[in-house]
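Two complexes come next, and they have one chain in common, subunit A, joined by subunit B in the first and subunit C in the second.
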Partner chain A sequence: MAQSANDRRRINGPEESFPPIFDDDGEDIKLKMQRSRAPGDIRPIFLQPGLISQANGSAYIETEKTKIACAVYGPRQSKTTTYSEKGRLNVEVKFAPFSCTRRRAPMRDAEDRSIGVAIHQAIVSSIRLELFPKSTIDVFITIIENDGIEGCIASGSLAASTALADAGIEMLGLVASCSAAIVGDDIQLDPSEAEARASSGTVILACMPALDSITSIWQSGQVSADLSLKVILSD
Partner chain B sequence: MVSISKAEKAYIQSSLQSDPPLRADGRGLIDFRTIALESGIAPIANGSARISIGRNAQDGGGGTEVVAAAKLEVESVGDGEGVDGGRVVCSVSCSPTAYPLLSPNALDDLQHDMTSVLNATLSHPTIRPKNLGILPGRKSWLLNLDVIVFSDAGNIFDAIFMAARAALWDTKVPRTKSVQYRAKKSDRSDATQAMDMDVDEMAHVGSALDTRQTIQVADFELPDYWDEGEPLDGRQTWPVCLTLNLLPTLQFLDATLQEEASVPLKLLVFYSFQSDTTPLLRGMRLLGTGVSDLVQVKSLLKDGEKYARNVWVALEGKLKDEDLRRNQKARERFLNR
Partner chain C sequence: MSSSSVTNPSVADETLRAQIFQRLHPRVYLERFIAEKIRPDGRTFDEWRNVSVNVGSISTADGSALVRMGGTTIVCGVKAEIAEPELDRPEQGFLVPNIDLPAICSPKFKPGPPTEEAQVLSDRLNEALVASDALSLSSLCIHPGKAVWTLYVDCTCINYDGNAFDAALLAMLGALRNTTLPKATYNEETGRTTCSRKTRSQVQLTRKFASMSFGVLDTSHVLSDLTAFEEPLMDVTLTVIVDDRGELISTTESGGAISEDVLLQCINRAKERALQLKD
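And then the complex of A and B:
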């Protein structure tokens, strides 16, 4: 990033800091790794639209340890002077500094951007952008608690789509999104961070169930082609 | 990256969909432009390669130009981000000459996106080479793979991954030798004797040379000189990327910039083929504003695998040629001078 090192408007904290090290006994880790639900089950979802009153639309989503707030502003006039025939969708993701086990400096970094791009890809084809020439729809996503990138992208897309609907923006369909991890030959839906780390590959799928169409596939890791199709099917 | 008018877009789309399909440069739908590859272009790097897709035969200009280079550095495990067994970190930077129309911010974003795709695929723990460790639990190699895009004439992801694969194929990891510090035999016997005999000599026992209770502290040294070393372990597992450009009824490969701008959706698939095992899909990304469905994805994966295998075979052949050219043939040339 071409950003300067420090944002002087904030309290930046010490130059170097380290997270505390706890004595993790083996049992504890094993407990954490163990899944309490069946491989095909997802974590319970709490989803509530309209929590942020000043936004045109908003949503809050919580799946166990993943907590995300999402606000939608717009459609409003594009700040750029260039004419665009279609509306622009702008997705910005921010991690709260306290969202991870290690403190995250309140600056944009590469991970924010890649999650933003993934969510953008998931929801962009559901919005009728051709109805909003010269305007921008801003989607701001704040990750309050983070339990794995996969979960963040999946729940983030869901929250963003809900918030867009809450804002009354015309869409072709709501976007539902789910992640899966491949552990051995098993497919585990909606993995947490520890589960995803233990897996050999992950797939994030976003689709519009109403139209039966896929808006985004995001696979990484090592998966045979057949298995990956099976994963998509089970998502 | 190029913006084209609606008329141009419609023209390109309808000619692609006509029967037989027509492309501006006369290629078929699944034909690639000519690809030129040279490895070992950066003498200071541990491995490097340059690739160009679709360069003019006459003047050598006008293609997609990508250079990749791998550089190894020693990293301590534990503090910072170091991982036992080494790690691979990739970055893509785009030269402003490749995208003269983009603002610096947009260029930053673009190279971020490319980096995240490359990083997610090549830095994944399941693909990490096994010989990046130096001292278990203490030191390991950090492999920095830097890719620079010098010009983009379409199909940039394929080019980046081909260049990355060639550079990693070319990478040599220096051999290391573990070293252990041990006091001389004579010293130790002296010390034990001293303990037995004389209390005054205890100071000698406690000196820095006493190694009886120290753990086997080890450092390492490099026995080789210059670019000697072993190739990265599992270098045939690095994937190739195939970009399938999707129009509602058909797909085509190796799009030029104009063609890229006129398709709504593309699917990137990353395949690696090892001998006589099922091909592994090492990543998949859907990019663009269009939508797809399950049936289409299924057939795309099947076709993609077929095309990717062709790319893989051609690249593998070329890389072996390059190995020959740079080692055996160079040696012969040197001897027959």
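And then the complex of A and C:
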């Protein structure tokens, strides 16, 4: 089911539709898993600030297949009437309906929210929010093409931080972020979707290289503490 | 900005004052430009912004296009899925066009469900695709009464600088023209449809067409290809859809009344532009 049937605010298709089933499914998934890069190499990054003219700051990032656009609006007046001494950072992530292998219904679900929280965590400590009382900084991220959630979080944080800098918002430092997958005993940096699926665990690290400090670490899957530290060091 | 303010403070001061004037009195600001026969971005009344189309850059979609029209940027992706046809139309597939104007593209949109503007745009795009009969729905049939293709044509606006309808229609047609469908076979015994990964065929569009939008100010000034600043100030907006042979597909007018001359002027400009776009 691709879309809730009674959404009257959009043009609706048939009640039910299914993505095509291929006759050779399962065979070529193994082929896809082969990695062409060395374990310590990341995918080439294309990063360009300032493409969205309507926004205060923006950035577009492309790492091979992953394509993400990010815009920053603000600091602008908070909608809530309660007084807050510190500024608020609001991160919203949206998947384009055609960004994944399966079509995404244009509804927000848990996945975009969890990516939003991860990116929020990665960048929030780099911003000097105490300088913006009563205001909100909105960071909107649209994932145009998705090749692995880990990669999306890492490049999303990088794009968000670049867009904040483009908007002229005071920060302690730029945030750089990288993901890693553990396959057997190997640590593979910047895994794609197929590589991450084949791994036993993933780690996403965000840091401010200028201050030599870490802003957030996300680890999932079965990883021993030692190995996890090793991954963090190699990130 | 900072360097000019050091060397020439009066120029920076003037620009700032112009910006404040534009924010406070947009209509008067625009009228002063119109009186000089020029538009705020330096174009003449009948000048169009540069258009660039980039197709097939999104690998997760079955067809895709990225359109830039001046500052306006729209990405469109087509996803094909299989569905059961309607009982009264056993051989017709589905075409489901939608446009999203998310909060990322302009400060005037807020996150949440589609705005009124997005709903109207989606409906107009749907109507344009249906009215033009560009894609025959029966070509989407896999097995009559059992399985047909559904093409979800989704546009996302990345940067909104006016004239989203023209850009979105161009993106949708570009993406549809770029769409390939895997060869699908319906197995009558199991009732399942399977696709082959190797052979894909192109979706056939029957005609080429484009839409052209205009705005009319003070009943006589006709501006082509409006920007986000000009759009809300217009008295009347007009959209003309013509195909590459100069045949009219649809004309929509909204706002106040216009004279027949203005309408003809728009249609002629649209035909001219359609011939330009064809090259």
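Observations, loosely collected:
Here is the rule we use: the second predicted complex is superposed on the first by the 219 of 235 C-alpha atoms of A that agree within 3 Å, B and C clash if a C-alpha of one lies under 4 Å from a C-alpha of the other, contacts with A are read in each partner's own complex, and residues count from 1 in each chain.
Note that in this section a contact is a pair of C-beta atoms (placed from the backbone, for glycine too) under 8 Å apart; a residue touches a chain by one contact, two chains touch by 3 or more.
Since the model is a prediction, treat every value here as computed from it, not as a measurement.
Partners subunit B and subunit C, once the complexes are superposed on subunit A, both fit on it without clashing.
When both complexes are overlaid on chain A, the residue A:99 reaches subunit C alone and has no touch with subunit B. In the superposition on chain A, contact of A:145 is made with subunit C only, not with subunit B.
In the superposition on chain A, A:83 makes contact with neither subunit B nor subunit C.
Judged by the touch definition given at the top, the superposed model places A:125 against subunit B, while subunit C stays out of reach. Partner contacting the larger number of subunit A residues, of subunit B and subunit C: C. In the superposition on chain A, contact of A:214 is made with subunit B only, not with subunit C.
In the superposition on chain A, contact is made by A:17 with subunit C only, not with subunit B. Minimum C-alpha separation, subunit B to subunit C, in the superposed model: 12 Å. When both complexes are aligned on chain A by C-alpha atoms, subunit A residues 2 touch subunit B in the first and subunit C in the second.
Residues of subunit A touching subunit C in their complex: 2, 9-14, 16-24, 28, 51-55, 65, 67, 69-71, 73, 76, 92, 94, 96-101, 103, 106, 138, 140-142, 144-146. Listing the residues of subunit C that touch subunit A in their complex gives 57-61, 64, 71, 73, 75, 77-86, 94, 96-98, 100, 102-107, 111, 113-114, 119, 122-123, 126, 150, 152, 154, 156, 158-161, 182, 184, 192-197, 228. Within the complex, the subunit B residues that touch subunit A are 104-105, 108-109, 112-113, 115-116, 120-121, 124, 126-127, 267, 271, 278-294, 297-298, 301-302, 305.
For subunit A in complex with subunit B, the residues that touch the partner chain are 1-2, 110, 113-114, 117, 121, 124-125, 129, 200-201, 203, 208, 211-226, 228-229, 232-233.
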